[in-house]
Amino acid sequence: MTEDGYKEQGFGAREIGFGKRPAVLVVDFQRGFTDSASPLGGSPLVEQAVQKSVGLLAAARRLGVPVVQTFVASCGEKDALHWKIPAVTSEFHQGNWTTELDPRIYDRDYDVVVQKIGPSLLFQTPAISYLIKERVDTTIVIGCNTSGCVRATVIDAFSYGFRVMVPHDCCGDVDLRPHEDNLRDVGRRYADVLSLEETLSLLEENAPKQN
Amino acid sequence: MTEDGYKEQGFGAREIGFGKRPAVLVVDFQRGFTDSASPLGGSPLVEQAVQKSVGLLAAARRLGVPVVQTFVASCGEKDALHWKIPAVTSEFHQGNWTTELDPRIYDRDYDVVVQKIGPSLLFQTPAISYLIKERVDTTIVIGCNTSGCVRATVIDAFSYGFRVMVPHDCCGDVDLRPHEDNLRDVGRRYADVLSLEETLSLLEENAPKQN
Amino acid sequence: MTEDGYKEQGFGAREIGFGKRPAVLVVDFQRGFTDSASPLGGSPLVEQAVQKSVGLLAAARRLGVPVVQTFVASCGEKDALHWKIPAVTSEFHQGNWTTELDPRIYDRDYDVVVQKIGPSLLFQTPAISYLIKERVDTTIVIGCNTSGCVRATVIDAFSYGFRVMVPHDCCGDVDLRPHEDNLRDVGRRYADVLSLEETLSLLEENAPKQN
Amino acid sequence: MTEDGYKEQGFGAREIGFGKRPAVLVVDFQRGFTDSASPLGGSPLVEQAVQKSVGLLAAARRLGVPVVQTFVASCGEKDALHWKIPAVTSEFHQGNWTTELDPRIYDRDYDVVVQKIGPSLLFQTPAISYLIKERVDTTIVIGCNTSGCVRATVIDAFSYGFRVMVPHDCCGDVDLRPHEDNLRDVGRRYADVLSLEETLSLLEENAPKQN
């Protein structure tokens, strides 16, 4: 095995563990990624992740755990970032159908929604203030793509001092290998990578401790 | 090839291209990563990257291109992030030798230095204000590890609206595969991945256009 | 005069001066502040500032100078900040008429619009990325209230490394004294306080130098 | 009284109230402001605030309440902001004596210290991550100058979703009027303005509730 180097240096040598107040951060389950009519939509791994996420989100809402949704959208081409993916720059504009959240995972009466122009849910969005107001210490990051916006959100959540949990079955991508590569990278450094089952157990166990 | 999915969706379908005012962002060439006495030091790919970077940095300084250095350090364990790499939490503290910049790449009279506690050079550091003051539009990101702090810095530089260039030979890592995986991920989305030679040519060509 | 202390310590001892690429940041000219039907609307100083701003914005657009608009809105009470002004928390929600931009100052085809939950146009909004992409070095801050969101935006623009200009006639407030107090505070530290006339001259003079 | 307008519009119509986990943010009690040898030092109101703050900080440390210190310093003129106060740009550089914390208020073994280049303790500093890690929901802001860096820190703490408390006797300034004007402005919008006595009572009462 060629990657023992990380282990020898101590990467991944401890688990982070759940804290006392979790929140779920849902990354880019917008029609531009979940609807096969979109040039960037229709990946089977993303579809699977959406389906798995429905249950996680239902549990979170039942337990009173904050849920933050996000989607990529700019005002137009003028304020879009230098994306190398042309469709994001030319189509993911405010009001375009690609920026609508997938109705399967979005509860308008419960979730807080923030718009973003870049990969991370926490880059220049007001989400951080809501998490602080709710005294969140643990962020559960789900969504798509694992090798893009999920990875970016995990890094920012970690950098803000949160404990970060990634239920891998609730994260989707275009292809399996980058999905796995990125879980490996963040699992060594920034986040505990868990199954949906484990995440549900931890949520049930810890959400009542709120306060 | 299993990853044609990204290509079909248009990932990497265009180059970003150099702008008019470049800066070099040097990530974590600190003794904790470059000195083999450190638990996280001594990776041959990092050593190679340091050696290659010396030339790039000399060119940048000769051409009047801003250089920003950074290193990881917290005040102590209390304000360290939830790193899964124990040495970062327990040793990378202000004043500890692991946080000193490698003298081969650091010019005290020229470079601006910012301290960070997380992976990204641009996460909650004053570097962004220096780049804006200098009207930088293009960031050349080098350093280590490609699959950790370099990746995080690339994401943030992209998110801030910069054109991002990654000279792959000036980036090092513990192992080759994650290095390559991460260049692949960012090269599809956020950054042009170049050789040192190409970067040097672009610097020579574009730096004089400053203003 | 009781405030010579600042002068003796060197506050305000130099002008900042215009740079090469200006942008206009328009703070909270939304119906909640400009329409007298709103509990927070109808201040005569704000009305005056709106009227003066129309001309400044027309000049900016004619000269190709970026214009960023912002308004205060949260998803609902749940993600609102701890405002001591009850109407902001209970009414300034997405979709509520109080969050619509005043049509007199907003050009949908030209301006970039960002939503914010707090006082500053630059606090956790994507505006910074647009300004960087446009290589802006000078921000002209207008809007309301001078003693609230304008002050906060001036501080952030300054902190990001921009040159900050405040045309006082384009800034409004509930009452004159706090308006003047805050111009005094920022004029000593962070910004050049100018008349609309001076700002227009500087815009005409400097906008063509773009690039 | 000319400022009834704010009251009529509902400014200051409610108190924020203390939360469950306070922290103290100490702004710029560095020798450049507290030592009369500095061009910006020696204001009697600042000296008074330092003396009052000693007691507040002792109580905070005894009760296990996090304390964050900050000071203004850039690497040099090159990365200094466009300050209109020449001494800040030319002298407040890393390593210069003006950037040392006043020993009366600083406990090296307890406090977390962050460097900043601008007015706010929370602008591009790692302090936010420490506050999140500690699940802080209430920030007590003290320091100098009230009309400069304290005001900026209050705005940012508020914008991040914290409850903000300002013990006015622990804040100092060059002159009394701007001190009072700024307490008035923030007390209407963002913060509860309290006496030291009230703050101490609230700390004693609430700190044990931690968790």
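Just so it is clear, A, B, C and D label the chains in written order, and each chain counts residues from 1 on its own.
Here, a contact is a pair of C-beta atoms (placed from the backbone, for glycine too) under 8 Å apart; a residue touches a chain by one contact, two chains touch by 3 or more.
All of these numbers come straight from a predicted model, not from anything done at the bench.
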On the document's contact criterion, could you list the chains that touch subunit C and likewise touch subunit D?
A, B
Same residues or different residues where subunit B meets subunit C? The copies count as same if more than half of the interface numbers are shared.
same
Could you state the distance in Å from the CA-based centre of subunit A to that of subunit B?
25
Whole-angstrom distance, CA centroid of subunit B to CA centroid of subunit C, is 34
Between subunit A and subunit C, centroid-to-centroid distance (C-alpha), Å:
33
Flagged in subunit D as touching 2+ other chains are 81-82, 117-118, 124, 128-130, 133, 159, 161-162
List of subunit D residues in touch with subunit B within their complex:
74-76, 78-79, 81-82, 112-113, 115-118, 124-126, 128-130, 133
If we count contacts the way the header does, which residues on subunit C are in touch with subunit B in the complex?
20-21, 128-133, 135, 137, 159-162, 211
For the subunit C and subunit D complex, residues of the former touching the latter
2-3, 5-6, 9-16, 39-40, 43, 81-87, 117-120, 123-124, 147-148, 151-152, 155-156, 158-159, 161-164, 174-178, 181-182, 184-185, 187-191
